Amino acid sequence: MRRTLRLLARPEAGALAAAVVIFVFFLAVAPSFRSLAAFCTVLYQSSTIGIVAVGVGLLMIGGEFDLSAGVITISAGLVNSMFCWYFGVNMWVGAALSLLFCLAVGFLNGWLVMRTGIPSFLVTLGTFFVLQGANLGVTKLVTGSVSSRDVSAIDGFDSLRTVFASSTTAGAATIWITVLWWVLFAGVAGWTLQLTRIGNWIYAVGGSAGSARAVGVPVVRTKIGLFMVVSFLGWFVGMHLLYRFNTLQAGNGVGNEFLYIIAAVVGGTLLTGGFGNASGVAIGAFIFGMTSLGIVYAGWDPNWFKAFLGVMLLLAVLVNTYVRRLSAGKAA
Amino acid sequence: MRRTLRLLARPEAGALAAAVVIFVFFLAVAPSFRSLAAFCTVLYQSSTIGIVAVGVGLLMIGGEFDLSAGVITISAGLVNSMFCWYFGVNMWVGAALSLLFCLAVGFLNGWLVMRTGIPSFLVTLGTFFVLQGANLGVTKLVTGSVSSRDVSAIDGFDSLRTVFASSTTAGAATIWITVLWWVLFAGVAGWTLQLTRIGNWIYAVGGSAGSARAVGVPVVRTKIGLFMVVSFLGWFVGMHLLYRFNTLQAGNGVGNEFLYIIAAVVGGTLLTGGFGNASGVAIGAFIFGMTSLGIVYAGWDPNWFKAFLGVMLLLAVLVNTYVRRLSAGKAA
Amino acid sequence: MSDPLVQLTGVGKSYGPIRALYDVDLRVGAGEVTCVLGDNGAGKSTLIKVISGLHPHTSGSLRVDGAERRFSSPREALDLGIATVYQDLAVVPLMEVWRNFFLGSELVAGRFPLARMRIREMRRIADQELRKMGIVVADIDQPIGTLSGGQRQCVAIARAVYFGARVLILDEPTAALGVKQSGVVLRYIAAARDAGLGVVFITHNPQHAYLVGDHFVILKRGAAVLDAARGRVTLDELTTQMAGGDELAELSRELGRPA
Amino acid sequence: MSDPLVQLTGVGKSYGPIRALYDVDLRVGAGEVTCVLGDNGAGKSTLIKVISGLHPHTSGSLRVDGAERRFSSPREALDLGIATVYQDLAVVPLMEVWRNFFLGSELVAGRFPLARMRIREMRRIADQELRKMGIVVADIDQPIGTLSGGQRQCVAIARAVYFGARVLILDEPTAALGVKQSGVVLRYIAAARDAGLGVVFITHNPQHAYLVGDHFVILKRGAAVLDAARGRVTLDELTTQMAGGDELAELSRELGRPA
Amino acid sequence: SGGGRDKSAADDSGGGGNAPGSSGYTVAFITHETPGDTFWDKVRAGAEQAAKDEGVTLKYSNDPDAAKQAGLIQSAVDAKVNGIATTLVTPDALAGAVTSATAAGVPVVGLNGGIDQYQKLGALMYFGSDETLAGESIGKRIAGQGAKHPLCVIHQTGSVALEARCDGVKSAVPGTENLQVNGADDSAVTTTLQAKLAQDKSIDYVVTLGAPIALDAINAKQQASSPAKIVTFDLNQEIAKRIKAGEVVFAIDQQPYVQGYMAVTSLYLYLKNGNDIGGGRPVLTGPSFVDQTNIDKILPFTEKNTR
C-alpha cells in the first residue's frame, strides 16, 4: 500500500494516469484505434515531438524557454542537405557540419541569455525569426526554390537513413527507429535528472538561480549546456526528417516549438522552472500525439478537430492534477 | 539632470529609446517610410496589435498568460456577424451578445485557472484550441463556408462602423479610430496600474500571489478580472475587424496571441509577472508594428523578412536593456 | 479578564500527510499578550496561520468573539480586525516600499470608477511609520526586495501595527532585527496591549517573551506542553521549558569563557 | 596569532546608486571568531557577500592567504575553502532536503559520462547532520520549502559546517532558531574555531556574540565604528555600542514589569 | 559521389532582361502566401522574370492574414508605387484597401483568387483560375475514373482558397470527405493521413492541395498499404517525377508562373500603353492537367522552377 502510494506521488504518475484514461477512451470510441499498427503510428508521431520535447523539458526545468526548437529541426536538415548537394560531398560530412551548426546556435542562445540578461523567451524568439528567415532566404539562394533538392543519391545517404529514419516491420506493426531513440533520450534525461550531479544542478538553476549560484553551482555553464542539448535534439529530429523525406520545405517546422512546450507542461513540468521530470515529458508528448491522431482514428468532423484537441488536453491536465493531488493527500 | 535621470529610470524609458532608434533607422533606410501616410499606416497596424496587447500586458503583470487572446477576436466578430445574419436582427444586439460571450470566456478562463490550480498557459491553450475549432466548425455549419457572410446591409452596421472602424483623413494622413482607442486603453490601463488600488493589487498578485493573499488582496477576483479585461479587448478588436472588413475568415487570428505577448515583453513586462507597465506595452506594440511594416517599406526581400524581424527585435530589446541598466546605474 | 477575542479549542492541522498541530487550545484576550514559544518545527507558524486565515484548520474549533469561524481567506480574518506579520510571506519583492506597506488596505479618494489612491499621503505615512522604528530608507519608492532582511521585516511589522484593529499576530518579528529595532517592536507590543488589543507574539527569545507576555504557551511537536499565565512561571522556568535545560548558562560554562 | 586567512582593507561596495559599504577593514585569522554586529541595514550582509564572492567589491582590496582576489562567483570562494550561510539565499524551495544539503558539492561515484551520485550515502549524511542539530525531518525527500523557517536555516548551517574547509561565514544563523538549536550552532562555531577554521559570525544577539567571539566589528551605515579584540571590550560595552544605550534593561524598566 | 547540383545549369534560369527599374515603374506585388510555399515561389519567380524583362522595379510582400494583407496594400499606396498586383482571395476583407488604392490613382490587378469579385472591387484585370472550378474539374475527372469516396486534405486551417477547392471536388463527387493536417510538419501530415487511411478503408482517392503534401501522401499510402490513388493540385519537380513514375495519377496546374508574369506584364502594358488584357474579362491560367501523357514535355520546366 505504502509502496503504491509512493509510486503515485511521483510527478509522472498523474501524466501516466491521464495517458491511460485517454488511451482507453479512444480504444472505446475509435474501432480503428484498436490495432497494433495504429499504436505504432501513434508512437512514431509522439516520438517526432517527444525527442525534442525531452530537451525542452530539461530546459524548462532549468528555468528557460527555447522558441527556436521548432525551426532548428528544419535548419539542421537544410544545412546538411544543401551543403552536400552544392558541393557534392558525402552526407556524413554534411551531418557533422549541421551538428556543429546546431550546437553553435544552442550555445549562442544560451550565451546571449546569460550574458545580456534578456529573458530567454525574447532571445530565442529572435533566433526563431532569424532561423526562419534564413531557412527560406538561403534555400532560395542555393537551390533556386523554397525546398531543398533530392539528395538520396549522394554517398552516405543510405547509412544515415539507417541511423535516423529506418523502420522494422513485424506483422502489422511498423516500429520506427525514432521511437527507440525517443525512449533512449528520455531514459538518459531521466537518469541524468535523478541520479547525477548535473541533474541536481538543473533543478537548482531552475528553482532558484540565485541560491544555486551562491552554493557554487556553475549556473551559466549549466544553462548554456541545456540550450545546447535542445539544439542537439533538434538536429536529431532534423536528420530524421531529411533522411525520411529526402527533401525539406524551407518554411516548415514553425509552430512545433509550441508543441514541445505543451508536451512538457502536460507532462507536469512547471513553466516557472525547477520542477518536472523526463518521463513526464515523454508521456506528455505521447498524450499529445495520441490525442491528435486519435481524433482522426475516431473519424470526427475535421472542422472541429482543434476543439476536440483542446477538450482532450484539458481533460488530460485535469486528470493529471487530480491524481497528483490525491497522492499528495494520501501518501506518507 | 536629476529630473532626466528620474525619467530615464522609468520602466518604459528603455522601450521608448528602442522605438526611437528603430524609427530613425527606418527613416534612414526606407525612403517611402518618410511620409505622414506611412506613419499613419504604422500607427494603425500597431493599434490592432496594441489594443489587446495592453490587456495581455496587464494580465502578464498579474502573473498569468492568455493564449486564447488571438482567436477570441475572430470569435467575437463571428458571433456578432453570424447571429445577426442568421436571425436578421440589429447589429447592436449581436455586438452586445458577442460582448457577453467574450466576457464569459474570459471569466471561464480565470475561474478554471483559479479553481483547478492548472497553470493558465494550459487552461487558455485549451480555450484557444476549443475556440479555434468552434470558429471553424460553427461557421461552416451556419454559413456553409469558412468565412462569415457580408452583413453590411443589416441595421446598425453603419453606426457600429463609426464606433469601431471609422477613419478621418487629413491630407495624406488617415487616422483610424482604433489608434485613438488604443491610446485611450493604454492610458486607462496606465492610470489604473499606477494610481489606483486595483493597480496595486495587479502588481501584487503577479509579484507574489501568496503574500498578496496574506495581506487580504482578493487574488481570485483580481485575476479573473484581468482575464475578462483581455477578452473584452479581444472583443473590441474583433468588432473592429468585423466592421472594417464586413466578413471574417474563421481560421484567422491564430498566432496573434503570440504577438501580444511579444509586444508586452518587448515593452519591458516580466514573463514571470509582477513587473511592467502599460505605456511600455503600448510602445512594444508600436515597435513590433513599425518593424514589420518598416521592412516592407524598405523593400527588403520577403524571404528574409523573418530574419530581419528577428534581428530588429533583438536590437530593440538590447537597446531597452542597455538604457535601463544605464539609468539604474546613474539615477539616485 | 474580559471575554476572549479569539479562542481555539482542540485545533489540529495537517498538511496532506504531515500533521503539524494536534489538539491545541489557545485564548487571546483583549489587552493581553499571549506568547507562543517552541522549538523549530514545533508548529508555531502553523498555529498562527490558522488564526489569520491563511490555512483553515482541519479539526477543532476556532471562535472569534464567541462565534465559530473557519476562515477561507486572510481577508475574512482581516475584516474581523486580525492583522498578522508572517514569518515568510511578508512582502512582494518587486513592489515599492510604500505600495507594500499599504497593500490590501490602500487609501483611496473618490468613487469607484474614478477612485484613485492618495499616493502622496501613503508615501508620507509609510516613511513616517518606518522612521518611528528607526528605519530610514534611502527612497520610499525603491523595490522592497533591495532592502536588507531586517528592514523588510520592519515594513511588515509597521504595517501590521498600523492596521491592527483588535488582534495583532506577530510571527518571530524580532528575529532579523537589531537590538534597537527589537526594542521598538517590544514597545509597540506593549502599546498595543495597553490600547486593548489582543496580541499573539511568537519568539525564540525568552527574555523578549517575558518582557511583554501575560500568558505563555509552549508547543512541542505540534502539541501544547505548557500553558501558564505570567504569575505562574518565572523567566528561568520558561527558558528551561523551552530548551529542555538552562542552555545559555550551561553553554557559557561549556565553552569555558568568562562572560 | 597566525597570518590572516582573509584580510579586507578599505573595502567599499555600491549597489548602483546606493552605497552600502564604506572603507571597511576586517581580518579573519585561523582559529578565530570574528563577530560582525550592527543595526538593520548597516551593511553586514553586504560585507559577507563580498567575502563569499556573491557581489564583487567596488573599491578597496580583499586578500585571501595574502593574495589579492576579486571573486566573480561564489564558486571561486568555495574553492578557496570559504563556506557561507546566507541570510536570504539559503535554499532552493522545490528541491528535496538532501539535494539542497549537497547542492554544489555532490558526492559522485564513477567517471564523467557515467558518474552518478551516491544518493543513499548523501541522504544518510544529510539526515545525520540534521539530527546532530536536533532537527528531525519527517522525510529527507520532502521539498525543503515545506520545512519551517528554522528547519530550513538549520539545513543551510549544517551544510556550511559540513563543507566548511577553512573559513566559515554565518549571516544571522541563529535568527530563526530556537534556544536549543541556537546552542547547537554556537557549539559548532566553537568547534570550528578549535579546529583552526576562521569564522565570521553575524548576529544581532550580543550574548551570542560574546559567548564565542574573539574579535568584534560593529558596522553603522556601512562604516566600521568599533573594531576591538575580546580583551578590550565587555559584554555591556558591546551591547551599549550596538544599541546606542542599554536597551534591554532600560526597556524592562520602561515596560514596568518585574523580569 | 553521385547526385548533387547540376553545375552547368546552376545559375541564371531566366536570362535576358533590362536593367532593373529602367522603365521607371515600380510595381507592388502582394499575396497571401504563407512563407515558404512552393506554389507562391513560382508566382514570384514569374513576377520577377517579368519585372526583369520589362525593367520594372518589383516590390514583393505577403501575409496570409487578410487584415494584414490589407495593411500591405495600404503601405504600397503610401509608398506611391505605380501599380499594384494583388491576390484577392478574401475580396471582402481587401475591398477597403483596394478602393483606397484606386482612389489614389494606383491601378490594381488581381490574380490567383477573386475571379468573381475583382471587377466590383475596381481591379482592372485578373489572371488566375477559379479555385472552385479547378476543384470541380478534378472531381469530374476522378469521378470519371470511378471515385466514390475521395479524401480532400486541407493543409492550412480555415484557408478560403483551400476550402473552395475541396468544395469544388465535393460538388462533383458527393462522397468527398475533408481532413485537416498540420502542413508545417511533414511527419505530422504523413501520420495523420496514415491514420485516416487506416480508419476509413473505403477511401479510394486522396486529393492533396499542394505538391509537398502529395509527397507525404505517397509515404502515408505506402505505410498504410492503402490502395487509394493520389491526385494533387499544383506541381513541382518532385511531383513531376512521381507522375512520371505513376505514383501520382495527375496534377492540376494553374500555372502560377504565368499568373505572376502576366500580372506584372499587364500593369506594365497598362501604364506604358494603356492596354487592357482580357478585354474586361478574367484571363484564365488554368486548370490544366499534368499526367503521364504530357509529363515528358513539362518535366524539364519544373526543374527550372517555372512550372
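Order of writing sets the labels: A, B, C, D and E. Residues in every chain begin at 1.
Everything that follows uses one rule, which is that contacts are C-beta pairs under 8 Å (C-beta built on N, C-alpha and C of every residue); 3 or more make two chains touch, one makes a residue touch a chain.
Molecules present, by chain and UniProt name: A, B = Xylose transport system permease protein XylH; C, D = ABC transporter ATP-binding protein.
No experiment lies behind these values; they were computed from the predicted model shown.
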Chain C to chain E, fewest steps along touching chains: 2
Partner chains shared by chain B and chain D (touch criterion as defined above): A, C
Chain at maximum distance from chain A, centres defined as averaged CA atoms: C
A-E or B-E - the one linked by more C-beta pairs in contact: A-E
Inter-chain centre distance, chain C versus chain D - centres from mean C-alpha coordinates, in Å: 26
Separation of chain D from chain E, taking each centre as the mean of its C-alpha atoms, in whole Å: 71
Chain A-chain D separation of Cα centroids, rounded to whole Å: 43
Residues of chain D touching at least two other chains: 138
Per-residue multi-chain contacts in chain E, two or more chains: 35, 157
Touching two or more other chains - residues of chain A: 132, 136, 140, 146, 270, 303, 305-306, 332
Residues of chain D defined as touching chain C within the complex: 15, 18, 38-42, 45, 87-88, 134-135, 137-138, 142, 146-151, 153-154, 172, 175-183, 186-187, 190, 204, 206-207, 210-212, 235, 239, 242-244, 247-248, 250-252, 254-255, 257, 259
Parts of chain D lying in touch with chain A, wherever the complex brings them together: 52, 54, 73-75, 78-79, 84, 86, 89-95, 99, 102-106, 108, 115-117, 119, 138-139, 159
Parts of chain E lying in touch with chain B, wherever the complex brings them together: 35, 59-62, 65-68, 70-72, 74-75, 77-80, 90, 92-93, 95-96, 156-160, 163, 167
Contacting residues of chain A [partner chain E, same complex]: 30, 32, 35, 37-38, 41, 44-45, 48, 84-90, 132, 135-136, 140, 144-147, 149-155, 174, 240-241, 244-245, 247-256, 292-293, 296-299, 302-303, 305-306
Complex contacts: residues of chain A adjacent to chain B: 116-119, 121-123, 125-134, 136-137, 140, 146, 262, 265-266, 270-272, 301, 303-311, 313-314, 317-318, 321
